[in-house]
Amino acid sequence: MSTYFLKRILYVVPITLAVSFFCFSLVHLSPGDPMDAVVSADAPREVVAMVERAYGFDRPLPEQFALWVSRALQGDLGLSAANGRAVTTEVFAALKNTLLLALAASLIGFTLGCTFGLLAGYWQGSLLDRLVTGFAVGGVSVPHYWLGMLLVIVFSVELNWLPSSGAGPGSSNDWAFEWAYLRHLILPAVTLSVIPMGVVTRTVRAMVAEILAHEFVEALRAKGLAEKRVFLHVVKNVAPTALAVMGLQLGYLLGGSILVETVFSWPGTGLLLNNAIFQRDLPILQGTILVLALFFVLLNLIVDLAQARLDPRIQRS
Amino acid sequence: MNVTPMVTSDPRDRGGKAQPLLRVKGLRKHFVIKRDLLGRPLSRVHAVDGIDFEVRKGETLGIVGESGCGKSTTARLLMHLLQPDGGEVIFDGDPVGTRGGLSLREMRRQMQMVFQNSYASLNPRMTIEESIAFGPQVHGVGRRESRQRARRLLDQVGLLPERFAQRYPHELSGGQRQRVNIARALALEPRLLILDEAVSALDKSVEAQVLNLLGDLKQEYGLTYLFISHDLNVVRYISDRVMVMYLGKVAEVGDSEALYRAPAHPYTRALMSAMPSLEPGRRTQTAPLAGDPPNPIDLPPGCRFCPRCPLAVDLCRASEPELAALPGGGHLSACHRAGEVQAEVSNPQPSVEESVR
Amino acid sequence: MSLTLDTAVSPMAAPPAEQGYWRSVFARLRRDPVAMIAGLILLAIVLMAIFAPWLAPQSPYSTSMLSRLQPIGSPGFPLGSDELGRDVLSRLIHGARLSLLIGVMPVINAFVIGSAIGIVAGFVGGRTNTVIMRVIDVFYAFPAVLLAIALAGALGAGLVNSLFSLTVVFIPPIARVAESVTTQVRNVDYIEAARASGARSLTIIRRHVLGNVLGPIFVYATSLISVSMILASGLSFLGLGARPPMPEWGLMLNTMRDAIYVNPWVTVLPGMMIFTVSICFNMLSDGLRSAMDVKL
């Protein structure tokens, strides 16, 4: 284990603390008395007393933070101000659905992005390249919540092929790998996939073009090496970066799915957040953001470590 | 160049001709190159490792050495572009940057520098005139006045002001840019000009022109030059005295002619034997320098030239030689066997070769 | 001066007439058809926003229960009407004002603040730089959308809060770019030369650093406008930005969403506008980047 790995792993500690502090402070950022932010106005007296004890709002801020962190470490992120259920349970139930959505979207985006990027990079300057490049710019420029609505109009309203909202028959949240459920995943996943598609396409295209411009590729070709070998060489060089980009995109999707989940009423963290915002349910807001951000930190760590393993040059810089 | 300055009485002159313009004592700079997890230094490079020298009024002192020997670091330390870790810089009797001494700002009026990379040392977004006028403006000269000065200087370095003043650096050739850099350095009316590889990147013909220009300017303004270069021919041509540096230390200092005729350090001798010469009678006699300089991070305990020296004996490996004057005065060498080296070079039959395996 | 034999001043070697940096950038930009078209469309939309009251056929606020949810091409409602019978065309034209404002302002704010932070960090270097950049790193632990929503969600709905949240989102990336270009510039000889001439840090930053770093930072900032447009309208879409009955594209998308089965193609129009502005900014930014030859 090199010092780079050690440093990178240790670096997670301060970041995690800072992220926790940010989430902790959200309750205090919210206008008005923090007590009002974490407990509903009509809560019974004993609940109010319990919450008061748990948060310790009368104590100094650092102490409150320490208290909050120690509770969070035990898996206690408080109770929803709206329905009194445990935040942890709510968040993890929703996280499962969001992960599923984000993974599906990443898979679509990655596959399409790599294909488009390779094609465009190989035939740089061709009509195909222009089309793909335009498509990629569109992918990163499109308001995906609007794209979602477009897809609903085409495939649900006009064609009536696919369901427009929910996660399963009867709006059931118990998701299963059956066609009845999978149908609900298609539209949101495709909608969400355009961003990673655009980003991956651009990255792969640029890298392929760069590699092909290298002299050693010319040399390989001059040696009479089959195009297939050149292609394999390109893939081997592009793959690590493309995977790293994808890894980060997966993280962005986890956070970015809120708008798409709202459009499709997909019962994930985004919808949870959206509802929390409307009901001014700060504990849910805080808990969801903490879990998502920590997930993102972890993902970043994995991507960095994996990339360092694949490309030793990174460790030195 | 052996010219006596026409301007003899500079009102800023303090100690007269006898006082060196610049005196450097024990100048040191270490770079930390590796730190542990807590940021404590693990290893350092001794870029400049305690050097002493002086620059006399009106002379040109050449500094030579391989790349990485600390020449450029020395220049930057003198200008205080880098903070020295130790040592003293005394300008015309005044210590620089200490209480009661010469302030850095004042020092920079009197000491200016021309950098090697003619392009990088000019702001690409400024016209030539603006670049030259910047220094005087910083020191409170009015806008119009400093522009006039810039144009005058352009003329003086051989660039027609009406044609070049409004141009941008990328529109000039390397030689032209270096002329601009010289004009920029002179805009503050310095007494000492440090030329850090100032002509090294130029074509030979352009280099000669710039060297001539430097000679003319020196005479006109009564300047003193510190001329840093890796090119021994150029240094010999322009310098009154020469200082040879090796791995952050002074190996040898002496009058240009004497040093080139009879080097008193095996390193100098090796450098000279690697010097290209057009005269068939003066072709390389001794062995050229073998191997690379030792890693400046972990230096050998004794003389730092030991690992590459054909003359090294046990004494050299055990103790580091001090810079000491040779008989006759004015010529100093940091070698235990300086006398022998000098004798051998004067002797046309080099017996040194036997010790070279 | 006796410099008769000087190739340096021979007329042959004289470079072409002097050309300012920005002039050459715009000359190159003009030769880029995609960027020019994008720029013209944006110009048209900006003009539309400025002259909205004169261009819009109706008031964006006048409701009519009788003419609710008219389809595209209805008499008096060329682009249909919304759930309260307001003219969609008029609302789209008026909506450009607020949508552009809340989309572009955060990037402008972040450009000013982020550049200042990054340039100071990069120029000072050392420990100060490390501390500043580590704090900036913390914001990278959040995906941009999540950060914006967390802040806007905690602060509560409203235009000012949405502007503030998005500004916070864009400061870290701009500061990072500013720091990295400044660090590069700081190590170039002309900064050393300026310091050697005795100039103070502030003078050096003003005269030598700014001119060389603001260009690349600006190009980077323009590339963020597209994201900012999407996010700003997205916040309104979630009900966190503009409040009804303000004409704002994201908010219009939200309120008309319920009519998706009744009047689907009218519903799509506000999003079309966001998409157009966003993609034009992206293409203009790409063009600007290659015209200025900025590598980030």
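Each chain carries a letter (A, B and C) given by its place in the written order, and its residues are counted from 1.
We take it that contacts are C-beta pairs under 8 Å (C-beta built on N, C-alpha and C of every residue); 3 or more make two chains touch, one makes a residue touch a chain.
Molecules present, by chain and UniProt name: A, C = ABC transporter permease; B = Glutathione import ATP-binding protein GsiA.
The model shown is predicted, which means the values in this text are computed figures rather than measured ones.
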item: Two chains sharing the most C-beta contacts; value: A-C
item: Innermost chain, taking as reference the mean of every protein Cα atom displayed; value: C
item: Whole-Å separation of chain centres (CA-atom averages), subunit A (ABC transporter permease) against subunit C (ABC transporter permease); value: 24
item: Approximate Å spacing (C-alpha centroids) for the pair subunit A (ABC transporter permease), subunit B; value: 57
item: Gap in Å, rounded to a whole number, between the CA centres of subunit C (ABC transporter permease) and subunit B; value: 50
item: Touching two or more other chains - residue numbers and ranges from subunit C (ABC transporter permease); value: none
item: Residue numbers on subunit B that touch subunit C (ABC transporter permease), as the complex places them; value: 76, 79, 81, 104-105, 108-109, 112-113, 115, 117, 120-127, 131, 134-135, 138-139, 155-160, 163, 166-168, 171-173, 175-176, 179, 181, 184, 187-188, 205-206, 209, 212-213, 216
item: Touching residues (chain side subunit A (ABC transporter permease), partner subunit C (ABC transporter permease)) in the complex; value: 14-15, 18-19, 22-23, 26-27, 29-31, 137-138, 140-147, 149-150, 152-153, 157-158, 251-252, 254-256, 258-259, 262-263, 273-274, 276-278, 280, 282, 285, 289, 292-293, 296-297, 300
item: Subunit C (ABC transporter permease) - residues contacting subunit A (ABC transporter permease), complex; value: 134, 137-138, 140-147, 149-151, 153-156, 226, 229-230, 233-234, 237-240, 250, 253, 257, 260-261, 264-265, 267-268, 270-272, 274-275, 278-279, 281-283, 286
item: In the complex, subunit C (ABC transporter permease) residues that touch subunit B; value: 1-3, 5-9, 13-16, 18-19, 21, 188-190, 192-200, 203, 207-208, 211-212
